[in-house]
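By letter and in written order, the chains are A, B, C and D; residue numbering begins at 1 in each of them.
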């Protein structure tokens, strides 16, 4: 008898002894540490919190949920390894994870090959375009963010804009998308600067933008401390054109870091950021205030839209399993694709065979910093 | 001075070394042949394959760092260039992956030769800085030229095909990587046991004395620099084709440090040490991941404690500890009538 | 004339270590370079072996000019040496140290080394035998497989000589081979130098032990403050008044 | 001088001053032990993070600064005492791996003791930009430049006028000789780590109001500081300062006039070129080895 037969017998005996109590296995790989930790950290917390809540409420289909979560540290190779572990060893029913686009794209071929429903929490449009059979995503795409910003720029009479972006995956991807869709939205990009990871001063780049003729608005694609430094430097050297940030800094922390310099900065973001000021008629009001209360109550830290993406991902998976009535992977996948009108923290999701994200521009709200807080721009 | 200063890897347990050359290779082959019995699923195969690919890089890097005593903190640059070179030729220009792999490796060899000529004149920490700078330049270029490389989010890489057959599935890859690792170790040990290998070790021992024996330091350093770059580039290209995906993180400064750490951790100037170092440091995070937020602290602590208590690295320390016992055992076996 | 050096000079910072030194070394003889500490003996030796490039002056070995070449070219031309501060390859065994010395005669291509082509294995056996014989000949037979870092100082001194001899030099530069040795060991070095000379190897000896110098050399060169003070046969030099003055009170041997 | 150039120069000087402080830390430890301390960047992080957290907990800024420098100094001392010293006699590469392990450990500890968030530190004297020759600067920049100059002056007094400082210089010139005249090489090692940690922490505190701080803020600053130390010539104090300022200026001017995406590439290319022509850096001692 060899090792493998032993293992197989072991596996069988477990399967026979407890068929009904077999939990629903939710797999996750997130950048809990590393440079994208500010994404992975709230995402992980959200998943843990809601798996606990779901189980406390009795689980689903008479089964409890079990979370298998690994820290990929934002490293695509690690992510690949863990996804294999989730699929092969932990035998998960669905994967909700992938904080960054790089991690997600490294995992996509594995999920596709194994036929495991995979809901990504990363931003770039390449994840769902072209559509991949088993891959879905919850956050808005970077292309939508560009379009939302460009539409707002035009509304304020600007046609010539400058870009400044970081060197990370999110930043570079958004920059590329913005360059692609600028002309279509009537915006001409007249300056295109970047800064590196860990850079401490962007006045050189901004001075160059300031001295570029005709700049009427500036868009900064990036996350982490970079955008806050850009914001401070922007005010320091006295550029008067309006400054836009990306949804990458959609958290209170950005406002706190930038201080007064953030006043008047606009950015496209999900309703979650302005949960309390949403009118009661807003369809998302209930969901976003509920999530905000749960998260902030448990972790004593402010919500970010990133945690919201994880919430949406988990809830979509739960909804799909509920609709499918089992954890049969193909059935769950089909159910995911058929979800319409699901109200999440990111917007109202309408999935289809052609759209594995299901959000449109209306899901993005244009926010502005006023008196140290995010406000909806009417 | 600097890097070669301090304790040189000792030549002790030489009786073992001679034995190790033939028997060690056989033992490695046996281990690779038997390991699948302990690999229950494709995930564990994946880890084994990554260990093998990292070990190939480390065996090559050890020739440079451990034997020739020249530091490189930029080998991830070669790894990344091999990976991206092959990926780009295959994905964007439609080359058959085996040809793209060979072409990328050859191109990296040429590049290593070109940059090695000026920078290998530097010593110790200055050489470390120069190689580090090279690596950083490579990773920035790979991340910035996103139209060709896909940027920081990486790019998809077509699977490896040999004579029209796609190499796919973890098991196939396992045997391929296993065979390549054995070949790498064999080649590295051949080199070490040759006059050229002695010349390299002589350079490490004393560059003055080596020169006085007619050994051309510049030429030898350059040739071993190129050889180790070829190991890294080929392993990089293989990794890319295996994973089907590559990101600039594999060319980063942190990955370079990781590679050197594997070599030193396993034990410098020991080919099996390099393999052991790669195996331990590749699998360790997989175990530590269950400790979640303590993972980083534990990894750092393991690295520090190992190097404090086994400054020569794992393999030489183990060899010294087990060596006498092993010799006694062999002697006893010899005494017994067969 | 085996080696000719013209007007060699070398400065370090503000210090002129060697100034305008000319040398003519007859083949087959033992030449000694003596002088007080700091006289420039080792600097001169370093120039003769290509480790330092002279600021000015030229070096010829059998009419081939070596002046601006790197040290390994000096070795290839036939100049071998040992070092005042031991430069043993402590990462190798005694035998491997000597085998490394055979590089000029046992080199191989990178391809042959990587693939261990059959010819290489044979050459390696030859190399090993030659190295073992050399170690025997300097009286290190019992240290053959020893780790060099485990050998006593006296043995290491002879190991360096064996290693230098492995390259089959025409000219062997010995930098203080008897320094730190006791009388018996010095006697062995004395005998060894005589054997080398008898085998037709030209020797340059830098040494503080005057007894050894007087016994083995045919030709003595005296340096003082980087300049050549005197030269000639040992007796003539030892009676030279300037030499006695330079040495007065500095060296009781 | 155009206002753009003035702005670039200012940005470069500010960056350069921080790099110089980090580079000085590398130089001091290198001189005392021939170790390249890859945890130097973590000292910077500890300084910034500790100060930010102390301020958040309600401490006045000056106390937060003193306490955080003290914290970092203790960490530096502990690193030397419990990790580097027990491994004395190990090869230099082994020691480097130990410091890399220490860097990982310290980053991990920072996420546990504090958190993974980015923290601001209030500027020492406000955020109102000062206009100067067409360029604008934050008052914090004056603090950075002033404190760096003061630190350099104090260091030069310490090394040239105090017994401990002189002992440290002696060890860097000739360890054996220093030992023979009664200098405790062990003590020099401990002092050098503590001093470097304090300097690193100072850099971290000075830059935090400009660039914020977080558990991984030390990685890039450590790397750039190492590059600056090498460019200037390892072990040379003036070299570390010159290397730091040069690196900062190259980056800012490269970003301003060439390409901001490739500014680090220019910086490293210039360092490579400099090393090819000056293999011991700008101010490095020529290594003359006795044979």
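One rule holds in what follows: contacts are C-beta pairs under 8 Å (C-beta built on N, C-alpha and C of every residue); 3 or more make two chains touch, one makes a residue touch a chain.
No experiment lies behind these values; they were computed from the predicted model shown.
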Shared touch partners for chain A + chain B come out as D
Averaging each chain's Cα atoms, the one nearest the global Cα mean turns out to be B
With centres defined as the mean of Cα atoms, the chain at greatest distance from chain C is chain A
Here the gap between chain A and chain C, centre to centre from mean Cα coordinates and rounded to Å, is 72
Distance in whole angstrom between the CA centres of chain B and chain D is 32
Separation of the C-alpha centres, chain C versus chain D, in whole Å, is 46
Taking each chain's mean CA coordinate, chain B and chain C are separated, in whole Å, by 39
Touching at least 2 other chains, the residues of chain B are 8, 140, 144, 208, 293, 295-296
Note: chain D residues in touch with at least two other chains are 111, 261, 264, 291
Going by residue number, chain A touches two or more other chains at 33, 167, 194, 196
Seen from chain B, its contact residues with chain A in the complex are 37-38, 40-44, 46-47, 50, 140, 143-144, 146, 151-154, 156, 239, 243-247, 249-250, 285-286, 289, 292-293, 295-296
Contacts from chain A onto chain B in the complex sit at residues 2-4, 7, 32-33, 70-71, 74-78, 80-82, 84-85, 87-89, 100-102, 105-106, 109, 124, 126, 167-169, 171-173, 176, 194, 196
Within their complex, chain A touches chain D through residues 33-35, 37-38, 41, 167, 193-201, 203-205, 207-208, 211, 224-225, 228-229, 232, 235-238, 253, 256-257, 259-261, 301
Residue positions on chain B within touch of chain C in the complex are 8-12, 14-15, 187, 190-191, 193-199, 201-202, 204-206, 208-218, 223, 227, 269
Contacts from chain B onto chain D in the complex sit at residues 1-3, 5-8, 65, 71, 118-119, 121-126, 128-130, 132-134, 136-137, 140-141, 144, 208, 253, 257, 260-261, 264-265, 268, 293-304, 307-308, 311-313
